[in-house]
């Protein structure tokens, strides 16, 4: 432990420089790809899939801000997704917002509603921990879904229709895609800011040992609730965007248990608690899922392919892709260090010395 | 001088057990207060009550004139009361440095904290200084989870100091920390105290407490027994009776309660040593570790040859070569993070040996599963609690014979063990989790005896035990040895440990620094200064 | 709203609760005792139902004796799942990663079932399924009585296994303190594997009860999982009796509300009750707090 | 910590490129397949696209629909296809997910340039899909999107060849009302799942029946993912109404009620369920042999329908998939009708120009389908066809109401005992 530790510490300065450079380069490439995708690939199928993928990348990143950093596994973010959706749909209907760009203006409102919903939700759910928390979030999720079914203003089972967007069919997806992309970038920046902030460190400390964190003056309740709201906001906006794109919001799709699970799956697959993990997870899962569903639809075949791929990944990289790969790298580094170390350590043998 | 922190008439019960009984405590500003008492006398519970981890129905806690009864931990900390935990608690997945950046007394809104970067350069510098002070600065970049027990304790203390609270509640700061470090610790506490900090310290190391504290409070069965200057307390018969145990120990406390405890148990010892008399002789003082002490008389039962092992691919043990002579007690000492616990893990098969070989009674055991090694007759009692908290004491002990299907034999052994450890019978039905630290130790011993192992490996058996219990534990160790079992012992209370032992091994940075008979090591000039600590502590501490 | 109707609703609730308890029993073992969140529980129930269906429809083996075959089959499945995936997951993030694994297993099961049986609904049939006995003015359907009986039996068996056998001790020991378990010679991996196997095996019985009281197709499982999780948590992690009680509680609440007020609000009332109970007693009705070292 | 983020980003880019390529190729591939059909008169094959729920909640109906479409394509090609083009069916699966449906129709229309598209299954998916079609000015002929939400959406391009959902129970209700007072049920109970397909039907029927003096003893709405049917079913059976109307969307719901009724020894004089009994053999298997008898179901069509093209279709179906006429799922006919209507429109306008097709379908002409006549109003509802009501009699699903229809066999009333 000690020797390698010392070595890495020594080896850091040049390493970080190199890494910084590469990191910057990769981020730049990522942004470029994100930026020009629909311009290069004009095929509507691709852009449509890209839209949904970007939406999920954003949603999972947002989810990760809470669940990834605090270690609380939330399976209720569909509540924010749906509430954001309904907020935008109702606003558009009741304030007679005409289709087109105007509706995008409503998204922040959707986000705010979601964040507002997160307050009572969090106040109740965050009293519990671990498995109990998981189930409480599920329960609250169902309460919202059933409410959407039974309450009048949601339009019940017929749902609510959103305005038509007068975009040209061939490039119809692009405005939606870019709005989603903007939300995604902002969310990632937010996630990064949280990660390096004092607030973020407090979240991580809660993940590791909540009681001790309290004992060190961390206002755990407030921090958790704040993180919950923060992660709800983007999800609410994306919900509004998503249902504007779909055109109609039904209770069972607004509050969809599969959405909850998907977020968790994508997060874990990529590796929660990291910034890139959720992005990776969503990128792979959502795009592949849509692609498979289209291509290998025939009686359950795509389910089998999907499942097998999934298990394969887990087998190779238990603990998520990003941490998994990182682990491999670390082990490899240590091993190489040890080889070099062994030569050096050969000498001290004699130290186990006799008393004169 | 007004009381800075005062506890009045606090009662706290868990189920039927009355942990605190109308407990009174006064901590005066600028003082170092010792809080001592037998295991299970409610010291830790009192800490929990003060710092808001346990709620109370009766009694009150006041700090600096403000009522803080049942105030939440974060508020208590914000007011300036910081505490450490007996079983250290650190943030395992954060780096050591990050651990240092969490503590805060700033009442800042989460929005503010969201835009503030974690750890300004100033904070980081301060953090590094403190890490330097406790001597783990070189690990700043490592995940805290990889630290050894002692290192965790140090990190915990350091991470507390960052926010510099005005009162520090330390729960066994010296437990599991190597003697030399205890010396430095005492110096620093004294220094901080001169700088105006108030301390309340729970500790079983009498040398430490008596040398350092201005005032000592003794708890017994949940209420205050006496409170006064170290001298008063030390000479108070009630205390001797309830706590310090073994007569005359009080007087010599300055010389190390542990040492006395060791001494106390040495009297019955000699006959015990008959199996391996040569070990008692000074013997050929210096020798290669390869050659076991007095090979003729006591052949090596366990041998390590050029062993490399460690976690996550890195080596902690480097080329360790040791012999554990049959029928003796071998004690391993060394600074924190020297790899003592790692070595025991490697022996018992919990940790893979990467290079070299471990042999037991001539059979190679490195590379075997814990189960196989157990079946060969090696039992390990680990450092931290290893009981199954949710099972009864009886169940726990019976689990010791898990690998035996013959129920009759199990019952026979159980009876035998109950003979040796009455507690097993007395508390048979209770949940093991509800026992005090010392009682749990004894039950762990009892459990490891169920398989009648030839080699018993004990990791810090005396850690966290009051002197009285510690005596009992050490007696048990010699007793087990007397019954023909070879003992391999890691003991932070090095003096006591070595006095007890026939052989000593000094481990440093995962390498064997020295081997010899217990006495050789004990009396070796440089070694003594290096690892056993001296009376240094006390002198330095007196303001 | 007559009293008898309410009474009837309560009786229905209790009986149907038995069926849910059967489906949840395996989950509480896996989820509670092994710390594995088994998203595939619903799919496994359906799988069990299809196995029973196949045996009775094709091979002509009656349902109840058929369990002697389906249970071992499911056991093997569970053992395989643990051996191939679960044990590779690090202790720390088992709860989290188990969601991944079990979800993948769930869609695999759905996919295979879809290929094997198509998506048309089927239901288990036996002479006793439509029969009922007349007691104090109530018709008690045999199938529910059987389901309830099986649930009680299973409950007793599992409890006995967990708290009265050496194996059960090993299971609890390896959960409470893994290192110590290793040290006293428990083969923790094998113990876990068998425990998961048993958890999945008993799901076969739940499958039978489910299939006999509902028409099902390969994706009928998804509606179940959230309710089963709720039951297990409400009952208290690892508490098998708790699961039974929680199941009955859930169904009685549901049925009474459905009759007295409206079925659309029934689940909502239950979930409200669940949230309230858990925010007061996070460890659930029968769970002991701090069973695990936190 | 750092190098892992780096790595992840690297992977991310790689995958991005991969997916990019995948989509590119997919669109490229399929566009070769379907393209160019829009020229009328040519002889190259013409591709008709549709997205169906081959998995997920609606998979049962989705697969039935696929069979219907395939049957029609087969027949139409036998007749020489459309305007001399052989027809190729291009079916994508949506896992009953709206997002997937949207992507799929963009794929069919935008990427593959299929000149014609058919509808998916269920109101829930029809709406999002229709909007995509509307963007491209495509006619959207569908057979299973009858919910009011669809017609309220103001989409000009949607045409539902089936009977508007809300009128589904009218025929049956009128018949009950027409019974002589002595036989007419005195009491009725209503239970429906909250679903856009069923909910609109109940009030319509209820008002007719109450006007005829049939007292409502119970009326319940239950959620789609109901935990337990028994309390509702038991409540119905203890209320002992003469007539029970069940708003169901699938087999399990009906089956659950049937079994509880049997267990509770309750047998209504008349029992009608809005969907489930039309699922042929599947339904019988679920409720158990014999228990199906006497149960009514409203629908536009049934296997034994005495109509030339219908009978032809049924024979082909049986030839291809086996079974008896009553095993043929009504979804098949709905899908088949979609094809027929579209074909007539294409032939009439003599082009694949969707705008012309839309104009033609709105022109108020009456078209023919296996389900009967089809005539669209301005909203795209089919006003021409009257709902038929069917009943299981001695193991066969037969058309019984209205009795006037050719080959109708008189309804069994009161309902025979269970298992009879």
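Which chain is which? They are A, B, C and D, in the order written, and residues in each are numbered from 1.
Please note the rule applied: a contact is a pair of C-beta atoms (placed from the backbone, for glycine too) under 8 Å apart; a residue touches a chain by one contact, two chains touch by 3 or more.
Everything numeric in this text was worked out from a predicted model, so none of it was measured.
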item: Co-neighbours of chain D and chain A - touch as defined; value: C
item: Centroid comparison with chain A (C-alpha atoms), farthest chain; value: B
item: Of C-D and B-C, whichever chain pair has more C-beta contact pairs; value: C-D
item: Centroid spacing, where centroids are CA-atom means, of chain C and chain D in whole angstrom; value: 35
item: Whole-Å separation of chain centres (CA-atom averages), chain A against chain B; value: 43
item: Rounded Å distance, chain B centre to chain D centre (Cα mean); value: 74
item: Contacts with two or more other chains, residues of chain B listed in rising order; value: none
item: Residues within chain C bordering two or more other chains; value: 110, 114, 118-119, 264, 267
item: Multi-chain contact sites of chain A, meaning residues that touch two or more partners; value: 146, 149-150, 299-300, 302-303
item: Pairs of chains found to touch, sorted by chain label; value: A-B, A-C, A-D, B-C, C-D
item: Contact set on chain B toward chain A in their complex; value: 51, 53, 72-74, 77-78, 82-83, 85, 89-94, 98, 101-106, 110-111, 113-119, 138-142, 146, 159-160, 163, 285-289, 310-316, 318-319, 321, 337, 509-516, 520, 524
item: Sites on chain C touched by chain A in the complex; value: 31, 37, 39, 84-85, 88-90, 93, 95-97, 99-101, 103-108, 110-115, 118-119, 218, 222, 226, 229-230, 232-234, 237, 264-265, 267-268, 271-272, 274-275, 278-279, 282-284, 294
item: In the complex with chain B, residue positions of chain C that touch it; value: 166, 169-170, 172-173, 176-177, 179-180, 182-187, 288, 291, 293
item: In the complex, chain D residues that touch chain C; value: 55-57, 59-60, 63, 194, 220-223, 225-228, 230-232, 234-235, 238, 250-252, 255-256, 259-260, 262-265, 279, 282, 285-288, 291, 418
item: Complex contact set, residues of chain A against chain B; value: 1-6, 8-9, 12, 193-194, 196-202, 204-205, 207-209, 211-220, 222-223, 226, 330-331, 334-335, 338, 341, 345, 348-349, 351-356
